[in-house]
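Chain IDs A, B, C and D follow the sequence of writing; residue 1 opens each chain.
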Amino acid sequence: MAGSTFGTLFRVTSWGESHGKALGVVVDGCPAGLPLSEDDIQKYLDRRKPGQSRFTTARSEGDRAEILSGVFEGKTTGTPISILVRNQDQHSKDYSNIADIYRPGHADLGFDRKYGLRDYRGGGRSSGRETIGRVAAGAIACRILERKGIRVTAYTKAIGPVSCDPGRFDSAYLKESTLGMPDREAEEQAQAYLNRCMEEKDSAGGIVECVITGMPQGIGEPVFDKLDALLGQAMFSIGAVKGVEIGAGFGAAAMRGSENNDQYAYPDAAGKDACMYGRDVRPVKTTNHAGGILGGMSDGSDVLIRVAFKPTPSIARPQTALAADGSIREIEIRGRHDPVIVPRAVVVVECMAAITVLDLLMRDLPSRLDW
Amino acid sequence: MAGSTFGTLFRVTSWGESHGKALGVVVDGCPAGLPLSEDDIQKYLDRRKPGQSRFTTARSEGDRAEILSGVFEGKTTGTPISILVRNQDQHSKDYSNIADIYRPGHADLGFDRKYGLRDYRGGGRSSGRETIGRVAAGAIACRILERKGIRVTAYTKAIGPVSCDPGRFDSAYLKESTLGMPDREAEEQAQAYLNRCMEEKDSAGGIVECVITGMPQGIGEPVFDKLDALLGQAMFSIGAVKGVEIGAGFGAAAMRGSENNDQYAYPDAAGKDACMYGRDVRPVKTTNHAGGILGGMSDGSDVLIRVAFKPTPSIARPQTALAADGSIREIEIRGRHDPVIVPRAVVVVECMAAITVLDLLMRDLPSRLDW
Amino acid sequence: MAGSTFGTLFRVTSWGESHGKALGVVVDGCPAGLPLSEDDIQKYLDRRKPGQSRFTTARSEGDRAEILSGVFEGKTTGTPISILVRNQDQHSKDYSNIADIYRPGHADLGFDRKYGLRDYRGGGRSSGRETIGRVAAGAIACRILERKGIRVTAYTKAIGPVSCDPGRFDSAYLKESTLGMPDREAEEQAQAYLNRCMEEKDSAGGIVECVITGMPQGIGEPVFDKLDALLGQAMFSIGAVKGVEIGAGFGAAAMRGSENNDQYAYPDAAGKDACMYGRDVRPVKTTNHAGGILGGMSDGSDVLIRVAFKPTPSIARPQTALAADGSIREIEIRGRHDPVIVPRAVVVVECMAAITVLDLLMRDLPSRLDW
Amino acid sequence: MAGSTFGTLFRVTSWGESHGKALGVVVDGCPAGLPLSEDDIQKYLDRRKPGQSRFTTARSEGDRAEILSGVFEGKTTGTPISILVRNQDQHSKDYSNIADIYRPGHADLGFDRKYGLRDYRGGGRSSGRETIGRVAAGAIACRILERKGIRVTAYTKAIGPVSCDPGRFDSAYLKESTLGMPDREAEEQAQAYLNRCMEEKDSAGGIVECVITGMPQGIGEPVFDKLDALLGQAMFSIGAVKGVEIGAGFGAAAMRGSENNDQYAYPDAAGKDACMYGRDVRPVKTTNHAGGILGGMSDGSDVLIRVAFKPTPSIARPQTALAADGSIREIEIRGRHDPVIVPRAVVVVECMAAITVLDLLMRDLPSRLDW
């Protein structure tokens, strides 16, 4: 019971189903005095909005954010910020035929077993729409982090078998990419791949990469609330995530110590930016296999996270499924579904990373004070 | 501050440094009436004990567990169980030469930045010895789970570039393997690889795989405390972990939906064991790419977790390191260090998985009751 | 930061200000399958509604509850229940003259010091209207408890110097009493007292008493989350509360042990109802100085709580107040204010008691299971 | 399950039974760099030690504190501090005759009902000895608060019917008083009263008052984690507490608003100490009925708490008690018991207040930062 709250000091409570009246979030612990408007939230929500390319669902999700509390005269007051997004355009009838079927790759069976019943209209709480609350909260977290010089940027690293080439990384192109890929060539291949998937009534997965720059050192609370541990929880809490890596990730497992250990080059030597934050003199590492985290605390380098998403489980292709009565049935899942969720998940990864980092920044404050 | 407690109802608080007087754990929320002796704990601690092969450190860590509370006349009483392990054989002098150096791949810099000082004798709180408390607590969790038919088993999947072959999986051999590998052939290759690493004063990483059988369905609390989310936190909270996968993991990102979606075969059809737990009739899946988790809840199949460990950062080979005064120095790390920590980490992965699952089983109880 | 969530398994998150767009609550951890409609919530909200007698504010607070999530086809689904109440009839201008004044007995100064700014329209987050979320959540908790035979009943024990006489306790009269007093004679005196307060532009305090019947034994989690400890937190979290007693309360401090110790009479001997709950055979106590709680756990007797409310701090009578610029000013507080909040606080006490008890019932479940 | 942890950032986990091997505490979240020795802890433990007068039990509880972790070279390191006190002189046989009896006023029945068994040797977890962990943790909290100019002082306000007279308050005498009373005359009467109790094989209760001076303004997290709410939880979590008041407490319920509202006098006008803390300019109030807390946040005045303790339930006088088999038996409780626990509870109240305030000070930090 009661798993819809995340964070200790910057605390986010998510609520709402895909086909209920509304979805939303309560953000408790937002500092006072922060300028905040509904537009600030909307910009982030628009990034996860469907219908932006032919590879995202044709449902029109208006998704207008309404701030109901915690903001007074354009500024946050320190009290809980409640944000509401009404559901519209719910073709609930599309789902009546699956009320008693457990769709492959979906949470249907789990909900039925856990609760004895479920809201069978769409994914309910495990729908991608649940991320609306996360993104609204993350928009606030991102704004606060940016004011402290911390920037969270995610992008599509791979779609199906097509990966961006680090050598072709193009941050300018990222802004116009419909798939959120910072590599024009890879994106074209990914589009071709997605077209084939769609023709074959199939779907694709992919990988989102997230970089956090400007991180102060020593953030993360050993031993259970380490920075990577809470990022791990945050990322795996996003639907469809099956793997998370920090820095070299699984690649580190095959390296030697002498290879994997990042060596430090002192800023002056490297002629790079020495950044200051409290006790920080930020050294430059010649590699970053650690992904900016050592012993569960930030080391001042960029934090690097990679998140693997499985292919959209809802496919129009015929599949066998378990029914509530125990029979096996052949089904074709109708409705409008993304052939790949990865491009829309980019902003969700960003937002969950921002929420995690901001909460840990706050939790770290007592250790910075001279008691 | 305050990151040393894990769990909501089965709550584990870890304390202690590698070179302090003692290490230990408080287990709060253990059910009453469970037969429990120090030997039950010791069996698990012995599995993480060093000195069992030439590939683990020669330090003799006696590591005798003492139960200080929560057990009366051989049974748990429901009150907190405090377990203590005294430190012995601390060659603290081995570390005096690194008091003002941030060793590559270690948490030294983070602690200094966060707290302004650190216990420089060994890893302190980020030492592998910190896992003693986790293993003592996990021993209790495993016992309770086993009584409910849930069994957690981990093993070394890979060391460096050498992987076990699923086709050669030999659970009988696993019991005698010095590297915790269930594949005799792979183990021989891994030993050869480790010998080369040691000759070259280097170290190796690897992968631990963990299987949980007998899981009831519907365990995990969407949306932030999903089973995979808390397993993610639990695994990344272990030192040296850089990646975590559930089921097909990063492989799922490259699959098509039609390929990744597991199909159900009804138990009778499969002629397999139909297991009962509350509302469960456990269906059999023809594949298990989901790794037993859908929508953050167990689906009744085996839960599959893979955890990537980086190579031991302490190597005798010369390295450059940042010193507290900002200079770059060449160092050779002396002392006794495992060339690979993976075999000793196997039981830690098991224990963290068990603690996570038991806590979520307890948190799930209110949803099973007919209110 | 982040103090707006209460409970571990039945978890309530409150949000909203008196003069913002709306107030509400997210109830996470409500069991599935419970029939629930907006009317069920409304009945409780109506009990705290003002304007029901001349002793409550003339503001018309419509306070219609809207359920936005967590209910499907009339039943709870186990997912978070979000409940919204729009604010109406906010005479915000009444407050502009106090924007830079710290009203005596109010939280104004605290908010300004804590956050550097505040929503000065009314009490903001410390307004009595904040209890709307608590009551909506408590309505759900009460329904669930009643299905388990646990009934929470509160009433006005005293207003100013006028106390109900236990010998005249009349539960039938309680239903029609405008002041929530179960003693017609005391109520008449209380009304006379309140009339004098109003004539003199003054206000009154009082005491609410709460009885929980049907409590199973052993509920409460020693040592910090004892039943009385969490009831203490719950009651003191209600605005204007200055004292809480369990059972004999402060009276126990003056008793002898031989007098205060409740003696047991076995049900049969007493010829009373022996109630069963799990392991319970409920004995009858000849007295109940313990107020149904021993060692932080319920003993099966009625739980007795008394809560002292200070007089409404907003009075029309001239007072001196500190201004933000450090000057002392004479003020008369305009606006519509209850001369006494106690009658409207009765349902709030009931609801907070119910939320606390239900959460502890859930937390107790693992100790009842045969592991 | 799992109720033995208190606090969010300064987090205290208590463990141990009266007749187990040891008792102790883990303090997680203590700032680094604080000078700390076992003597610092011992001074506080000695204040709760029995045998200091004829009114406390003759048991010799050596109670030597051992610090096992979190301190390096005489300073805290920011990692968890584990403190251990071995039990000695446990006359466990004194208790064998009550193994199957539920002593009046004790938690015996609750433990048996909750867990199905109990450690019947003394109070187990509900023994006064459990407070050893609280006092050890509180000793650390007090030291930190004192460095920030916050001082927590408690004393015996009343024993049985004998109360200290505020007009005779003598802080010098408090130091030598055996009953912790700051009023020599009242203490003499209290001693006479206790002598009578002892002659009659009976026991007495009493009231502890606690004053916190130097509190910054705005501490406390509305709405559920208000300063008074968490003090309420902290105080009611101490065994034998039946009532808690803040400021005027129950007396406020009988006051008029015009009387209860504290009026501000600006420091200069009052010629008193204007204290500075962050945004604070501390005004002086002409009364302090609020007890230093408004809207759940400190207002800069002294925080005033009063805590009612019931009489020691263990009395040698014959009583009837419920037995596990359902029979009613006459018992005389042997063993060595305090005729009044109040003098020894004084330091426990201080410590719980200090832990609560320090945790809330830390939680408040993000609201003080200019984000």
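Everything below uses one rule, namely that a residue touches a chain if its C-beta (ideal position, glycine included) is under 8 Å from a C-beta of that chain, and two chains touch if they have at least 3 such contacts.
Note that this is a predicted model, so its numbers are computed, not measured.
Visitor: Averaging each chain's C-alpha atoms to get its centre, pick out the one most distant from subunit C.
Guide: In terms of C-alpha centroids, the chain at the greatest distance from subunit C is B.
Visitor: Pick the pair with more C-beta contacts: A-C or B-C?
Guide: A-C is joined by more C-beta pairs in contact.
Visitor: CA centre of subunit B versus CA centre of subunit C: separation in Å?
Guide: The answer is 45 Å.
Visitor: Where the CA atoms of subunit A average out and where those of subunit B average out, how many Å apart are those spots?
Guide: So the centroids are 26 Å from each other.
Visitor: Between subunit A and subunit C, what is the gap in Å from one C-alpha centre to the other?
Guide: 39
Visitor: Could you list the positions in subunit A whose residues touch two or more of the other chains?
Guide: 1-5, 8-10, 14, 29, 31-33, 78-79, 111, 114-116, 125, 222, 362-363, 366-367
Visitor: Could you list, by residue number, the parts of subunit D that touch subunit B in their complex?
Guide: 1-5, 7-11, 13-17, 20-24, 26, 28-29, 31-33, 66-70, 72, 75, 77-82, 84, 111, 114-119, 121, 124-125, 362
Visitor: Name, in rising order, each residue of subunit B that touches subunit A in their complex.
Guide: Those in contact with subunit A are residues 1-6, 14, 102, 104-116, 123, 125-126, 130, 158, 160-161, 197, 200, 202-207, 216-226, 228-237, 239, 241-250, 252-266, 269, 278-281, 283, 289-291, 294-300, 308-315, 317, 319-322, 326-328, 363-364, 366-367.
Visitor: What residues of subunit C sit close enough to touch subunit B in their complex?
Guide: So the residues of subunit C touching subunit B come out as 8-10, 29, 31-34, 78-79, 144, 147-148, 222, 362-363, 365-367, 369-371.
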